[in-house]
Amino acid sequence: MFPWLSEAIFIGVLRGLAVVSGVVALLILLFLLQEALPFLQQIGFARFFQDASWHPVSQEYNLLPMLWGTLFVTVGSVLLATPLGILSAVFCQYYAPPAIAQVYRRLIELLAGIPSVVYGFWGLVVLVPLIGQLHPPGPSLLAGILILSVMILPTVALVADASFSNVPPDYLRGAAALGLGRWATVRSVVMPAAKAGLLAGVMLETGRAIGETMAVLMVCGNVVQVPDSLFAPMRTLTANIALEVAYAVGDHRAALFVSGLVLMGLIVVLVAIAEVIQQGKIYD
Amino acid sequence: MTLLIWSVACLVVGVLLWLLGDLIWHGIGQLSWAFLTTAPQKAGRAGGIAPILVSTALIVGVCLATAIPLGVGTAVLLVEFSPQRGLFGRLVRLSLDVLAGVPSIVFGLFGNAFFSKTLGLGFSILAGGLTLACMVLPILIRSTQEGLRAVPDDYRRSAAALGLSRTAALWVLLLPAAMPGLAVGILLGLGRAIAETAALIFTSGYVDRMPDSLLDSGRALSVHIFDLAMNISGGEANAYASALLLAIGLMVINAIISGLAHWFRGSRIQVI
Amino acid sequence: MQQYPASLTVPHLSTVQTQNLTLHYGNKTAFKEITLTLEPGKITALIGPSGCGKTSFLNCLNRLVELTPNATVSGRILLEDQDIRAINVIKLRRRVGMLFQKPNPFPLSIQKNLEFPLRHHGIKSQDRINHIIEDSFQQVGLWEEVKDRLKMPALSLSGGQQQRLCLARALALEPEILLMDEPCSALDPISSEIIEDLLLHLRGRYTLLVVTHNLAQAKRIADHTALFWVQEGAGALVEAGTTTQLFETPQHSLTRAYITGRKG
């Protein structure tokens, strides 16, 4: 095909490209560390948890309010979206007539394809005023949980749908032969058989919830405080970075890169857990 | 239980319809040819989004122009030219797994530190596009790998038996046969790039003028929606129109992807 | 029997010898210490039960086995007294053609299936390429069937036609040796008969090695026959000789048992 391009040169070029691709992850870590590490060494990790508050202008770098914020929003939305998503998949696989199931799947995929800034915008102009009528001010932990739930629901639903369809049909026939009803079959046969897949789906949605920036930034109100109720405004780690990097300089900027590292750490832990679950699936 | 499950389904459909209905209801009136072809006025409250569309296209263009050769090259090397258990391949795979999990805001931090600051690109379309390229790379590589793995091994063996070099087999047989996977990957990457906001805010920036070069700052459509919604009072109407446009664009891309996927499963026979 | 026109080129008749050839896949031995000679211009049939290393043996002769990870070969293979490891692998595979069990045309047009390997091997002139293509299709009796549809996808042909196309594709490269791995087993009886006829027609012009499960087929077409058997967990050569010898006066008890259908 290309006589002048001998195989060795071609593979050399491919190797070069692969090295660049492989190095990107390393570069990201390197640059986060480069920006964060000197500052971290200078003031120590403890100050990010013990300072009076997050107030970079007066050298106060407490990340706890944002960590709690991320935790609350994530846990809340995962608790809400997981049952809804799994039941959606159950609906598709075992309850809906095939034509409806097909349409429903398309709709879920549609939901998955809407960009986060559009969710955020919709939350801001529709959901936040509604919550504000219920209990002022409106921008709140609840708004964040609701909007994130809608965003991560398709992730669980699609993963659960895929793992249900991998359940051997023999199991279902076996359950039917025992005279089990539809829901009994799903609960006692399908769910245990698809457990690993469902757990992987939960990990995936959790990762998405932790990493999500725009939607929570737009609906949560961004007040630096540990929310004391569902209706209190709050700020997540990601929103904190998005809000402040553009103008942050010096130590302030470094502190934001520290929170980026924390975020990376959370994701790595999640990936590791998912990996362990996947391993378990292989030995099942 | 049946009732509960049906009501969950109705709830999900209801939320989706509410969201889409709201976007269409408020956005469709603003969408017009003039909106697409004129510059924004009064910080975006009035006027159109022409420069924003151009910036978006340029950012996505830079992203794909960088990510496609890198991604396809890496995937070809991993699938066709490196042993499954080799150290080099394993390292690249591991680092791509990590990359796939990194939140977009962290890509933004990295892009700001590396492209904008260290490489001196500043807030520019180039910096934004390159940041997005890092982000879509794992998606592209994975789809291309799947496309190549779907090509039957018979092709490789019979090509080898005819004394063809692996490079020749790659160009004439394997890449064309892996094309659907490649196309799906490119579209997935395109969708991800168009939808992205957080990684762009502090890499490509906010400037809503028509860009003169790739080194100019340019505002992506998603950033425009964010800015109008959060920072500009009275920007809602145009934000609605822009959000509707973005949502439609992504739906079209997703529809093409699922169409391609179906077509791909339906027939593997292609003539070149 | 259909008459096939003779090829315009007279290929060179070569011989292949294996000496103590042993193949391992990791810790597993596929076959060991096989010493066998393929007579020039003759058809040699390789028979034996499944899993006794016949296909693996074939794959060694054109070094296709090198595509399999952790395959290690020891012993020697001589093509015209030259060790095949000393021959450039691409040149070797051009001299030693192969036909697979399942027809495997490329997903290209009928013409491209032959043209692309020819071009790759440095034949530039379109006239010459067209000439070789026609000649190769003539040799396998496919020319009349495909001459008006050369631009059609090769996968639109029937299974038997596809297998003949693959044979034509191998012949187009003017090999000296042709290796065939159960070339009829995936075909219907009529297509299978056509291929068998073709093999007889190719006798005397190529050195052929045919793996087959079909004893009657081996009897019908082969000049020489070799029986492989699994012994101590690895394939081994039990007996080899002229087909008449092997089937009428078998020397080994396993051969007797196998050809009378008592074993295998």
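In this document, chain identifiers A, B and C correspond to the written order of the chains, with residue numbering beginning at 1 in each.
Just so we're on the same page, contacts are C-beta pairs under 8 Å (C-beta built on N, C-alpha and C of every residue); 3 or more make two chains touch, one makes a residue touch a chain.
In this text the structure is predicted, and so the values were computed from the model without any measurement.
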Distance-maximising chain from chain A - centres being C-alpha averages: C
Chain closest to the middle [Cα centroid of all protein chains]: B
For chain B paired with chain C, centre-to-centre distance based on mean C-alpha positions, whole Å: 48
For chain A paired with chain C, centre-to-centre distance based on mean C-alpha positions, whole Å: 56
Separation of chain A from chain B, taking each centre as the mean of its C-alpha atoms, in whole Å: 18
Residue numbers of chain C (touch at least two other chains): 120
Where chain A touches two or more other chains at once, by residue number: 1
Multi-partner residues of chain B (each touching 2 or more other chains): 165, 168, 172
Partner chain C, residues of chain B touching it in the complex: 83-84, 154-165, 168, 172-173, 176-177, 268-272
For the chain A and chain B complex, residues of the former touching the latter: 1-2, 5, 7, 10-11, 13-28, 31-32, 34-35, 84, 87-88, 90-91, 95-96, 104, 106-111, 113-122, 124-126, 150, 153, 157, 182-183, 207, 210-214, 217-218, 238, 241-242, 245-246, 256-257, 260, 263-264, 267-268, 270-271
Of all residues in chain B, those that touch chain A in their complex: 1-2, 4-6, 8-9, 11-13, 15-16, 18-19, 22-23, 69-71, 73-74, 76-78, 81, 88, 91-92, 95-99, 101-110, 112-114, 118, 134, 137, 141, 165-168, 171-172, 191, 194-198, 201-202, 222-223, 225-226, 229-230, 236, 239-240, 243, 246-247, 250-251, 253-254, 258
Chain C residues touching chain B - in the complex, by the definition given at the top: 62, 64, 67, 69, 89-94, 97-98, 100, 102, 104, 106-109, 112, 116-117, 120-121, 152-153, 155-156, 166, 169-170, 173
